[in-house]
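Below: the structure, in structure tokens.
Chain naming follows the written order as A, B and C, and within any one chain the residues start at number 1.
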């Protein structure tokens, strides 16, 4: 009896030591360059990235390299990677980011310059990769002083997707270049809560990269802007107010029930089930709508993104790209570079088209050759995707001049926070927790504060 | 027993069980849904044809196994080290002789106030230093933080257990020339066996379920189950069966452990705390 | 015979020091660093802006009221934190007490009922949050939607429109079992002869429960409330996976706000200020609670 608990504790302790030792032995496998390396990758939870995860886990093999991929909610991913890059961490070897981060991080030295890696490639590999085939607009958004700092995995703009069946049933037709007013009227007409049909679905969940994306393009379309050339905040203007009101109108009068918990994943699920009429989102959302899992495959129409006061350039421009963590070990960086080449190569694209001819797993808008592939060019959305991409100019997002660039975001580091806060105020306003005046005032004050705190003004 | 009493008893039983089942329903439903396929799980339903496919899929997922392993490591090693450090500390605080008499009380109070410390108060320096020292890719960084946060719980619970021990036994041992260490291991520890088990269990459940530190101080290879669970929050309607099966695996050990040991837990908590 | 230990040559510090060192290095020292950071202007995402000493500017960013009509957001977050904490505490204590009374009967299978009610306490908060959000509260795919359909009313998205209610409800669901656990133990620890003598004396239910049993389990109530308070203030995961602090900042608590300051805004200085204020608030609340429990205890003496 006396020694019982002593024995129990000893046993637990020894057990723990054994497990701990095993963990220790397993954990120290990626330090030596001549031994196996494990590269840690985090991807976003959008459909194409999830497809990459599946394909990479089953089809990627490189000698002595183990892939460790985690798929994180997009907001989490951005927060983790940004804090990681800014504190010089080595948790992730590859950074999965967009032009917003790439430009800034390249400047800060938080991304590895890829030119030395390309220079070190043997000639055949360079030819096989065919850098010139990458869509130059995308490449440019990921470069600094002519050097590439990230490779585009897939690119997107935004457009309107609509359920042709529902439109026909109500005898409605979608204009080729609709205005937001027209979209609203159409959404109202389709909206049929008694039969469970939502007129228009849009992202409602806050986050600068979530509801912020469609919302900021709406602001641009209404002729609004966030700063004037002297960095005074210009949120409290009739143009911006128009956008705020339209966003709310659509969601409250003709939108999904659980407004604020809808990320693009939920919107896609709703659209795929045939229960929504119109959907404004990224061009990269079209493939899942045409995939085998979608009940509306083949019945989706695509038109240009809505304009209002500003007649064109009302879409967004984004790509998800892969960069290398400059703080990783040399062996890891090399392994990541090879993985990046594989994932952004023509071989990868061909493989995905073979695997899924609907194009649901094929990264769009990264390479020109993708659109030359017969199978891919036949997809219903290919043409409109290209058209919207060509219509964008991310250096001139608004009608009046502004001191910033970026179509669905403002390319300043503080926007990750300020933009998220803005979408939080927007959410508050949409569900009637605060008035429009209150939301606009808070946003305006916020952006003014940012301009002062960040020494812009 | 007369009719009235019997009716009262039956009525009470029905009420209690209704409340209990409704209270537990979300977890019960989650366990059930783990046995559905995704198609079956989309619409809430109580009756369906069960299948093991989803569990198989989840268990076969290499990543899931990794998170499970990480949680097991954190709990087993973390609890053991917490006990290893906490038991002697509680002992010393209860019986130790220090130069100043108030030391015992002061240090005990210092341990207690640490329990009040919310993890947000330490996350920034911990995160930045972990990044610099590359501790996020190893389980040891997080583990030592867990130990730091849970040793005070062990000390707090065991302190009163130890204080309840009659001094004479230890005095006698002293006279026999028994070393402090021997006193602790051979005499004191067996006497507070319940307390050790209770605090060990409590710490184990806490570490298994801990989220905030695990969320911010881990990477792909070291993430624990609560962190993995949080990733499901944006999967509306798409993977309910998988979510249910994964949750079932994640929470089963803690629930079983908690259930089997409720009595010890209560004894430890109340004995340890009631005496203040 | 001496009533104290014989003083040995060997010191007792080796028993104490390892624990103290680990705890100090992992909790106290980082906290001191956090306080230091709170006085700096340090934005991780702007390495071009030098880290410089900022005095109390980070604190005044949150606290300063320049225009009484527009008070800083910090105060609503503070209010929400207090509201959630106090509501959950009060509900858990009262309803927990009632549930414990119910469970304090010798009925067949009572252990099973108790075990079921206890379950949620052991479930990790992110799992329970995700389960509630996805399978129950969801208006399309969850039981709430199904029941609303059945009863014929249109389900309102609770998470978007009543976030605080949802948070309070979920916190209570998660933590009340703990209160029940402790309070029930107290009730069951009341000597049976006392219970019998109450029956013999013809004491009615109200008197026996509130005037006799309640004071007897005071210590247990105290443990439940103090520990429960600490659990509730710290909770983060449940909020993250359900409302994510939204809509807006309507269901932010102080810990959640700190998290967003660090990982979203990359502003270490401001996050440090928020974290320090959170600790101060925790200490104040715990102190208040402790004092009021002592006071009510004195009443019974």
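Keep in mind that, in the parts below, a contact is a pair of C-beta atoms (placed from the backbone, for glycine too) under 8 Å apart; a residue touches a chain by one contact, two chains touch by 3 or more.
This is a predicted model, so every value here is computed, not measured.
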item: More contacts between chains, B-C or A-C; value: B-C
item: Furthest chain, CA centroid comparison against chain B; value: A
item: Centroid distance [mean C-alpha coordinates] between chain C and chain A, Å; value: 36
item: Centre-of-Cα separation between chain C and chain B, whole angstrom; value: 16
item: Chain B, residues touching no fewer than two other chains; value: 127-128, 230, 233, 235-237
item: Residue list for chain A, restricted to those that touch at least two other chains; value: 83, 87, 261
item: Where chain C touches two or more other chains, by residue; value: 133, 138, 140, 262-263
item: Residue numbers on chain B that touch chain A, as the complex places them; value: 63, 69, 72-73, 76-77, 79-81, 83-84, 87, 127-128, 130-132, 134, 136-139, 185-187, 189-190, 192-193, 196-197, 200, 219-221, 223, 230-231, 233-238
item: Residues of chain C that touch chain A when the two form their complex; value: 43-49, 70, 133, 138-140, 154-155, 157, 159-161, 244-250, 260, 262-267
item: Chain B-touching residues of chain A, taken from the complex the two chains share; value: 1-6, 8-9, 12-13, 15-17, 19-20, 23, 27, 38, 40-42, 45, 68-73, 76, 83-84, 87-92, 261-263, 265-266, 269
item: Interfacial residue positions of chain B with respect to chain C in the complex; value: 9, 12-13, 15-17, 19-21, 23-24, 26-27, 29-30, 33, 42-44, 85-86, 88-89, 91-93, 95-98, 107, 110-111, 114-128, 144-145, 147-149, 151-152, 155, 167, 170-171, 174-175, 179-180, 184, 205, 208-209, 211-212, 215-216, 225-227, 229-230, 232-233, 235-237, 240, 243-244, 247, 250-251, 254-255, 257-259, 262, 265-267, 269-270, 273-274
item: Residue ranges of chain C in contact with chain B within the complex; value: 1-8, 10-13, 15-16, 18-20, 22-23, 25-31, 33-34, 37, 99, 102-103, 105, 107-110, 112-136, 138, 140-143, 145-146, 173, 181-182, 184-186, 189, 219-220, 222-223, 226-227, 230, 233-234, 236-237, 240-242, 254-255, 258-259, 262-263, 268, 271-272, 274-276, 278-279, 282-283, 286
